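Please find the structures below.
Look at the two complexes coming up: chain A is in both, with chain B in one and chain C in the other.
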Partner chain A sequence: MTRIDEKETITKQNIEKQNNEIQKPKIRETVLQARNLHKKYKGFALSVPQLSLPKGFATALIGENGAGKTTLLNILTGIRLDYKGEISYFDRQETGISGEVQEQIGYTGPGCYFLPQWTIRQVEEVSGLLFANFHQDRYRAICEELGIGGSGMDVTKQVKSLSDGNRMKLMLAAVLARDTRLLILDEPASPLDPLMRDRLCDMIREYLEQGDGEKTVFFSTHNIADMENVTDYAIILEHGNIVEEGFVEDLKEKYVLVKGETADAEQAGKILFTMNRSAYGFEGICLAQNLDGLAGMDVSLETPSLSQISVAVMKANTKLAKRA
Partner chain B sequence: MVCRMKKRIKSYLVFTGLWYRIVVYLLAPLAMVGLGLWMEANVQSGTGLILVAVLLPPVEIISDNGLFGGIQTKDSLRLEFLKTSGRGMDVLKSALRMDLLRKFLSALGILALCRLAAGLAGRWTAKGAGAPEGMVSASGMGILLYFVLLSYFVSTLGTFLSRFGDMLWINLLVGYGAMFFTAFGLILLNLADYILVIDILLAILGMGISALAVRVAMKRVERSYYDK
Partner chain C sequence: MKLLQNSGIPIYQQIAEQLRMDILAGRLKEGEYLPSIRGLAKDLRISVITTMKAYEQLAEEGLVTAVQGKGFYVNAQDSQMLKEQHLRKVEEALLEAVSAARIAGMTGQELQDILCTLLDMEEDQGNER
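Moving on to the complex of A and B:
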C-alpha cells in the first residue's frame, strides 16, 4: 500500500468514526432555522438537513471554493428561491422569506452587487428607496470613516471606479446604515487589506454589542485566521453538506493539536483526524476523545486555532485531497 | 399621488448614469431639436419633423444599451441588491415604466417643437408673421400625434427587441432597422383623412408593446430567482 493510500484509509476510518460522533450543538435561541434544504445544480447538490444560527452571535461559514457557501447565503437572503426545504426567520411562525423579513436582513455579496454605473450617492438613494430602515446620515458617516470616496468623500465616484476593497466597504456602509437584526455577509474579508479586516471585526463586534443579544451576524470566509477573533460559532461546509459545526470554544475542546516525533507518526496517523509530516516530526488534529490512543507516544498537545480545526476538517472531507 | 410619482421618478433615475443623463436628457434632445429647426428653416417645411421622427427611434434604441441593455437575456442584469429587498421588483417595474413614459414625453416634446417650427416656417414663407396656421387645428394635432406615436411605437418595439441581447451592436442593428421601419411607416401620411383612426391604432400598438416590454423584462428578472 502506498503512503497516500495508507493515509486515505486512515483518514476514511477516522471520518466515519467522526461522522458517527458529530452531534448537533445545542443552541438556546436561534435567529434562523432551516430544515431539509436542498438545491441542485449540474454536478453539485447542496443538502442541509438542519441549520440553526445562534441568536446574538457571529457565525462563520467556512468551506473550500465550490462548497456551496454562496448558494446557501443566497437562499437565506432570498436571492435564490428555487430550493426545497423550509426556512424560518427570527421568531416568526411562518416559513419562507418576505419583504418584511428582508427589511431585517442586511446582505453584502460578491461581484456585481451594485450596478457599475451607480455613484456613491446613487447607492444612498437606491438604499433609501429599497429599505425603510435606511439612515442617510449614518451611511455618509460610515463612508467617510472608511474613506470610500477618497479623502474629500467624493459622492459622485462610480462603483465601477472603486477598487474591490472599496466596493466591499461601500456594501458594508449600505447595510450598516440600516436597522437590521441579521447581517449575512458573503466573503466580506476577502477584498479587504489586513487593517480593514481588523476594522471589519470591530464593526461586527460593535453591531452585535449594539443589538444587546438581539442582533446576529452570519458571514462566509476563507480568511479564518483574520476573522477568528470575531467568530463565536462556526459551520464548516463541504460539497454542499455541513461536516462540522459548533461554538468555537467547544470545537477547541473537541479537537486537540498534536505534535510528535517522526518515529510515532505512523502509529499516531491511525488516531489523528488529519496529519502533516515533515522532516522534524508530525503535526495533526485529533479528536480529544481519542487522545487515549496516543498513550505511550512522545507527543505535545496544544489547543488548535479555528483555522487549524477548519483546515483539518476540510482536508478530511475534501474531494481535492483525495484526488491528489 | 405626488409622493408616489416622485418615488417612481427616483426609481427610474437610480438606473441612469451621469453620461446617460447628459446624452439622453440633454444632448440628444438638443441635437434633435436643433437639426429639426435647421431643416425647417433651410430645407423645406415638414422635412425637419420627418427627419427627427425617423432619427428618434435609433437614438432611443442605442442609448437603451446603457440603461436596461441585456435585461431580457438569460444572464440578466445582476440585480442582487434589488433582490435583497421586498421592494426591489417594484422599484425595477417603476423604472421600466418611467423609462417608457420618458420616451413618450421626449418624442412629444421634440416633435412638437419641430412641428411648431414647421408651422412657423410655412406661415412665414406663405403669409408673413402671425400665428402658425394649422398648429391648433384637429388635423394638425392629429398629424403631430401621428409622428409622436409612430416614433414612440418604433422606439419601444426596437428597445424591446434589442434587450434580448446585451451587446451594443444588437442595439445598433435594431436601431438601423427601426429607422427604415419608421420611414416606411410615414407612408401612412398619405391617408391623412383617416389620421385619427391611424393615431388610435398606433396608440393601441404603443400601449401593447409598452406592456409587453415591461412584462417580459420583469418576467426575465423574476426568473433569475429560479436559475431559469
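Moving on to the complex of A and C:
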C-alpha cells in the first residue's frame, strides 16, 4: 500500500514534555567525562554541558548532517583544541589530552589521514614509529584478512590507489594493530560495503570482548540500522545539543511504536511524540509513560528499533528548532 | 541458541528464556558460570547491553548470581522455584488461548468448556494406559 496524504503531526507540548524529561542515565563506570564543552562557529554552536561514555560498551553518536558529530569527536580525540570545557580520560586526575592518553586511543576519521603516496607497507612503518604499542604482525594479519592489498596482498599499493572502502579498512587495521583502551571512529561504516559493515560490527564486538569490560568504542553513524546490533548506548545530537541518550534497551522501553486507525488519528496526535498519518491510519512513536492517553483506541503496540527512535527524536527536535 | 529477529519477542527475552530452560533442565549446573557477557554478545552477534539485560533478568528471577568482575554463576534450584517457573509457562499458554478465543468471538464459558473437555480426554487416556 502506498501512503497518501502523509502528514506529520507534532504538538509543541509533546516535545517540551519530552525535553524536560531527559535525565542523564546512570552509568556505572565511565571511560571519558566531559563538562561544559563549547565550540562556536559562524551560525553553529556545539554545547555539551555533560558527557559520559560508559566503559566497556559500544556507544553510537547519532545525528543529522551538521549536528556537530565530527566537531565533538575531533574535540575528544584532540584533533581540535580550540574549544572551551574540560575533558577527563580514563581514570586520570588531570584533564585534557596528552601523548599518554592518545597512545590509548585509536581513531579513524571520515577522510583518510594517511598521505596519498604512502604504500600499505609505509603506513605500517609510520604507525610503528608513532605508537609504542603498535604490533606489526597484527597489522599484517588484519590487512590480509580484510583483503586490503587485493588478492595478492600487494603491500606496495599506494593509499591514493585504494578505494574509499579499502582506505577505511587500512585505517581500521592500523588502529586495531595497537593496544588501545578506547576507539573513536568517525563514520566508520559509511564507505564500507554491506559485507564489510557486518565485519566491522564483528570487529567491534571482538574488541569489546578482548577488553572484558575495559575497552570502549565510540562511533558516529548514519547507518543506524546496520549498526544497531552493536550499539549498547546511544547519544543523539541535534544542532550542537544532546537531545537524547541512554542504553538502547532502556530507550526501547521509554518509547513505543504505535499503529492505529484513521478515526483515532486526531486524538492520538495530541498524545504521540511524533506521528505519520495516511489514508489507512497512523503510525507514530509514543512515550511509554503517555500510553494511558491512548486508552479506548484500537491501536497495536510494538517495540521500536533504534533507528525508529532516532528518527523520531531527530524529527521532533528539528521541528522544534524551526518553530523557535 | 536460536534467536529470531522479527518474532516480536525482544532478543534479551529470547536469550533469557533459553538459558532459563538450560538451567531448569539441569544442562547448566549449580555453580557453573554463564558465558561472559561480551563473549556471548560476540558469538550471538548482538550488542553487549542486550546480553547483559538477559543476564540481569535471570539474576532478578534468582536463577543466577552476579559476581563483580567474574560474571554470573548458576544458583542451586529449589523445587518451589521450578514449580513457579512452570506455573508461569501455564499462564502464558492460557493467555495465548484466551486471545485466540477473543479473535474467534468465543465466550469465557465456551473456553472453560473446551478446557474441561480437554482435561477429561487427558484423564481418560491416562486411565486407559
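The criterion applied here is as follows: the second predicted complex is superposed on the first by the 306 of 324 C-alpha atoms of A that agree within 3 Å, B and C clash if a C-alpha of one lies under 4 Å from a C-alpha of the other, contacts with A are read in each partner's own complex, and residues count from 1 in each chain.
Going forward, a residue touches a chain if its C-beta (ideal position, glycine included) is under 8 Å from a C-beta of that chain, and two chains touch if they have at least 3 such contacts.
A quick note: this is a predicted structure, and the numbers were derived from the prediction, not measured.
Participant: When the two structures are laid over each other on chain A, do chain B and chain C clash or fit?
Facilitator: Fit - chain B and chain C, as placed by superposing on chain A, sit side by side.
Participant: State whether A:Leu294 touches chain B only (first), chain C only (second), both chains, or neither.
Facilitator: In the superposition, A:Leu294 touches no partner, neither chain B nor chain C.
Participant: With the two structures laid over each other on chain A, which partner does A:Ser98 touch: chain B (first), chain C (second), both, or neither?
Facilitator: first
Participant: Touching A:Thr231 in the superposition: chain B (first), chain C (second), both, neither?
Facilitator: Only chain C is touched by A:Thr231; chain B is not.
Participant: For A:Ile142 in the superposed arrangement: first (chain B), second (chain C), both or neither?
Facilitator: In the superposition, A:Ile142 touches no partner, neither chain B nor chain C.
Participant: Let me test your reading of the model: by the given contact rule, A:Val311 touches which partner, first (chain B), second (chain C), both or neither?
Facilitator: neither
Participant: By the touch definition at the top of the document, which applies to A:Gly78: first (chain B), second (chain C), both, or neither?
Facilitator: first
Participant: After superposition on the shared chain, which partner residues are touched by A:Gln122: those of chain B (first), chain C (second), both, or neither?
Facilitator: Only chain B is touched by A:Gln122; chain C is not.
Participant: After the superposition on A, what does A:Tyr107 contact: first (chain B), second (chain C), both or neither?
Facilitator: The first partner, chain B, only.
Participant: Enter the shortest inter-chain Cα distance between chain B and chain C once the structures share a common frame, rounded to whole Å.
Facilitator: 28
Participant: Please report the chain A residues shared by its interface with chain B and its interface with chain C.
Facilitator: No residue sits in both footprints.
Participant: Spell out the part of chain A that touches chain B in their complex, as residue ranges.
Facilitator: Against chain B, chain A makes touches at 41, 77-82, 98-100, 102-103, 105, 107, 109, 111-115, 117-119, 122, 125-126, 129-131, 156, 158.
Participant: Can you name the residues of chain B that touch chain A in the complex?
Facilitator: 7, 10-11, 13-18, 20, 66, 77-88, 91, 225-228
Participant: Would you pull the chain C residues touching chain A in the complex into a rising list?
Facilitator: 8, 10, 12, 36, 38-39, 41-42, 45-50, 53
Participant: For the complex, which residues does chain A have touching chain C?
Facilitator: Counting only chain A, the residues touching chain C are 56-58, 201-202, 205-206, 208-209, 211-213, 228-233, 247-249, 252, 302-303.
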